[in-house]
Amino acid sequence: MQQNGDMRIGILTSGGDAPGLNAVIRGAVLTGSQTGTADFVGFRDGWRGLVEEDLLPLGRHEVKGISKQGGTIIGTSRTNPFEGIGGVDRVNEVMKRNGIDAIMAIGGEGTLAAAKRLTDAGVPIVGVPKTVDNDLGATDYSFGFDTAVGIATDAMDRLRTTGDSHGRCMVAEVMGRHVGWIALHSGMAAGAHVILIPERKTSFAQITEWVTSAKDRGRAPLVVVAEGFALDNMSDAHSERGLDTFGRPRLGGIGEMIAPMIEDATGIETRATTLGHIQRGGTPSAFDRVLATRLGMAALQCALDENWGHMVALQRTNIVSVPFAEALGKLNTVPDDRYDEARVLFG
Amino acid sequence: MQQNGDMRIGILTSGGDAPGLNAVIRGAVLTGSQTGTADFVGFRDGWRGLVEEDLLPLGRHEVKGISKQGGTIIGTSRTNPFEGIGGVDRVNEVMKRNGIDAIMAIGGEGTLAAAKRLTDAGVPIVGVPKTVDNDLGATDYSFGFDTAVGIATDAMDRLRTTGDSHGRCMVAEVMGRHVGWIALHSGMAAGAHVILIPERKTSFAQITEWVTSAKDRGRAPLVVVAEGFALDNMSDAHSERGLDTFGRPRLGGIGEMIAPMIEDATGIETRATTLGHIQRGGTPSAFDRVLATRLGMAALQCALDENWGHMVALQRTNIVSVPFAEALGKLNTVPDDRYDEARVLFG
Amino acid sequence: MQQNGDMRIGILTSGGDAPGLNAVIRGAVLTGSQTGTADFVGFRDGWRGLVEEDLLPLGRHEVKGISKQGGTIIGTSRTNPFEGIGGVDRVNEVMKRNGIDAIMAIGGEGTLAAAKRLTDAGVPIVGVPKTVDNDLGATDYSFGFDTAVGIATDAMDRLRTTGDSHGRCMVAEVMGRHVGWIALHSGMAAGAHVILIPERKTSFAQITEWVTSAKDRGRAPLVVVAEGFALDNMSDAHSERGLDTFGRPRLGGIGEMIAPMIEDATGIETRATTLGHIQRGGTPSAFDRVLATRLGMAALQCALDENWGHMVALQRTNIVSVPFAEALGKLNTVPDDRYDEARVLFG
Amino acid sequence: MQQNGDMRIGILTSGGDAPGLNAVIRGAVLTGSQTGTADFVGFRDGWRGLVEEDLLPLGRHEVKGISKQGGTIIGTSRTNPFEGIGGVDRVNEVMKRNGIDAIMAIGGEGTLAAAKRLTDAGVPIVGVPKTVDNDLGATDYSFGFDTAVGIATDAMDRLRTTGDSHGRCMVAEVMGRHVGWIALHSGMAAGAHVILIPERKTSFAQITEWVTSAKDRGRAPLVVVAEGFALDNMSDAHSERGLDTFGRPRLGGIGEMIAPMIEDATGIETRATTLGHIQRGGTPSAFDRVLATRLGMAALQCALDENWGHMVALQRTNIVSVPFAEALGKLNTVPDDRYDEARVLFG
């Protein structure tokens, strides 16, 4: 770790929480303290704390033992730094008044886009990509994803024994608004008979064929569906499938919507479970703790190297730094060959 | 274990599945085999397998390693043995034709009521109480309950970190159609700020006061609600609270119904999670495996002792046998002093 | 909860740590705060903090979120309050100088014996029984025991797959210096083929017969042994069995001692694992959190009721209070019928 | 998946077991069945089953639900295929007599070296690398490693609360005979104050300085040591440190050896725990299930492509195939920069 003298860094976590945020913070703060290269303050609740000048101290004591805690000790929100009283001048003013030399922004697409805009305007920022859905490019995996997949898989292992006992089809809806990585990995780990992701069209006829085929072989069919899979993803979905018996749009997520459709079409009793928020909370997996800790350490080095406008990323087993632009604007979708690979095991 | 010569017992699991069913089966079958006192056949899918004469062999080999598996290897259903082709004569006929001397019925209120009716008509039956909700009397705890409470608690630990990071109120809906035991125990274990159970009325004003009080102390409020808690349980609930913005009845469970009401009333962002089927599936806890194994062993002894019309039950650390009637007809509800005890920690 | 005016209570945790200690502390402190009946200080590291006047504040803030943390936030030690500068006068002096009206002592046999001696000399004390081994009388279960059994069972589930893959006999040594409760429950939960506990003599010939019988049926034998099971518990153990090939006493625990003996006698490759300290650390189970929270709340009520010389205990699903003497001096051993029950499943 | 007609493949698992072996088997067998490209038989207990012609059928039914089971359903052993009645001729003879076209060997360094020797002699073999220690080259990670790190991290989380409560230094010995990957990752995840790996020399004075520094900051020091770390790895270790108080060589692993040394040198009470076999058994993590399933599928494709002498490997998020030679002969050790990175957080 290079010694660049004393740098004061303001750190923020923005957007939805993810298991590993605290490990990133601890990795950066502890390294700054151990090497004497930097000290830290936290901005409370993401960009809000920056533009509203709501700061908290972040020293060795504050980060003690937090790498195994879910969430973020400095809070998070979806505030945009350019809205309200925000903007480049306001950011510079708050930084100057608090002696802050640089910002470490931990967040997803929106956060990094704002960070890029600020960097382009001269604000010294480094970034750490955060997305439980694993939808950012440039990095092999994002922290939080492994924990989410583990929780979803564990839940499906439980659903299977219930399905087996009752001879039911179980539908599990997992996170993934735009990409199907959690569905793909948890479904593959749990031995799902159908995996439905936003990236791919699948006919409803094909879905029921997979379900029926599994049932015919004596299995309780397990259908995993990403929340972002839409009725439109089913090429043959009649519009009325989205309507309930009163002719009004079905409420609830895609899992609850598709379960009665499967039951109607196959005659197999079908139940839906929406895993929801439990997928993004709680103790991070060891994999995510190591990844997040290393990202935090590398982001500090990135700042010490004055690599502004760069974010850190995992490539193979290395942490590298890449320009914001490289990660932005191109969703990390599930490629066709990965879905086709999983699909071989369906049915 | 007393040696009563060779008895042939037909075993069935009926109603919703519960973690520990397989351990009951294994405990009975293995003990019969080790002591040479009894051998077993299984009726597939509860009473259905009995009245439809759908049997499977249940020997030492079939029960190998199953005590840690969720669900039931012999299947379950909600079939009533008195409906369709069923009835006392049919039961006696199937038993006679298959050389079956006695029935071991593992199930809840409905199953045991049917078992009692058959016993009263002379069919030799012993019972094992099964209820994840812990709603049967005569037994301190039922197997499956501890596992469900553990899963719910683990989920709430996860929800809390998300709530803390976002400053949100989190609502967790857990099982418990008629009684609030799972809500009470998981809520107490997770440090909930509000626990809502079917047995108790609570005004909506009181609920929002607890939520606001927790928020004011810097906590992210956690509300645990049993699925059987109804809008009517809130003395001051206006009927329109059950309507959505289009004036139509809200769909979904009580958790999803109450979350927007709390958000509207307190101004605190609120999110609901319905834990659903994951609470009753998967690997049973060690507590449930021990309890279920002992219940299975004791139920066999009950049969060998020709204690027909009795079921086994846990009292302190002992397994005892009690007449069916003792467990039936009186729901094991959460007593007021237990709820008041938990309530001290709210707010 | 009765209102007895303001009482100031000093709380201490003594002896080995146990999952649930923090939940006891939180239950008592939070209840005192919510009801306005009592406030608390902590004595650091058990009796040491009392006699050395090493106190820390214990308010609502300090106990926030601790019920799911293992260990004890106020520290523990094996200090005897009658040794060194300790004694009744010293205890009274420290209490008086700090305005402390009563002591809540959380500990095992030794701690409660010291508490009794102090109470007999007029010091107002209430107790909470703590023993991971579950070796105290008067209470159906102690907190920490359920967590330990769960951890041991989970470890054995893992050992079994290794044993099965290699055709090995696996020996797992678990806690239990004087009693075999952890061995009995975890062994029963994991489907062990042999369970060895301090309370019972078992011939080595019988042990190898069970191991061989399991192997002959195609199982990988699992032997669970409590750390307090001694070579002397084996009626036919030749003294040289305790010697290694150099004729010197074998080091290590009973698990490591007995594994090569089994391998020598049966020809089955045998491996030992000593679970050790992982059994008593980390997140308590939901069962233990509920039990410990309730014990803490009840212990406060015990103090408010001035029930000095009493400790709280679990009987069925109720928390009761019993005189210290009732729990002391009689080890809660595994009764013969419980061991014989488990034994039916061996071999 | 390319259709190459019907190929009959014999599959074997060799060496120590690893979580994920069953998922590899299932991935290959199920894909062969679904695509109609291959069917499988298993050789029991690794090369032993091949040379002793001990085969078992491996169809769709046999691999049902096994991806979440630890160990290997076809058994494993350390048999060398060139010893005893083995050898190229014997292998060819058994393959011919059973209509086996190719072998899929799942194993570590030794297994793959034997596979290479057989391939060089004309036997058609593909390989899947297996090493819980993660010590093989050419692949970013091996299946089983993530599960082991997770189990070790979970154990350390437990050890920490005990250490904190008693003010003790806790020493955890983890797997890793030749490389320190498990120690590095689990230590980093658990926030260890010292990590000792076979690849690096560390003076005993430095170790005690780290331990003391952590203690001085109010932490309970956590020392993680790989089983392959030797006394010789400590540049200043006096030979007598390896002797007990009777002057005889200390028994037990490095963890039990180093704990009393640390206690003697620092005066801090120190306890050792050897995690042992629990690290390699039981349910694989979701990460390992996905990785192992994909490796099994890719190994089948490798065989269909007649890529003899190749093994499959993970590189970034892709499964590639590489010649055996590429993975053999060069231990995948922890590079200096990775250890130095972790080391920044020590002390």
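Order as written gives the chain letters A, B, C and D; numbering starts at 1 within each chain.
Here, a residue touches a chain if its C-beta (ideal position, glycine included) is under 8 Å from a C-beta of that chain, and two chains touch if they have at least 3 such contacts.
In UniProt terms the chains read A, B, C, D = ATP-dependent 6-phosphofructokinase.
Just so you know, these numbers come straight off a predicted model, no measurement behind them.
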Shared touch partners for chain A + chain D come out as none
Please flag the chain sitting at the greatest distance from chain D, going by CA centroids.
B
Could you give the separation in Å between the centres of chain B and chain C, each centre being the mean of its C-alpha atoms?
29
With chain centres defined as C-alpha means, what is the inter-centre distance between chain A and chain C in Å?
41
Per the C-alpha centroid definition, the whole-Å distance linking chain C and chain D comes out as 34
Could you tell me which residues belong to chain D and also touch two or more other chains?
154, 157, 160
Could you list each pair of chains that touch, in label order?
A-B, A-D, B-C, C-D
In the complex of these two chains, what residues of chain C are touching chain B?
1, 26-27, 30-31, 34-35, 60, 64-65, 67-68, 140-141, 146, 149-150, 152-154, 157, 160, 185-186, 188-191, 217, 219, 285-287, 289-290, 293-294, 297, 315-317, 341, 344-345, 347
Which positions of chain D touch chain C when the two form their complex?
13, 16-17, 19, 21, 45, 69-72, 75-77, 151, 154-155, 157-162, 164-167, 170, 248, 251-252, 271, 273-278, 280-283
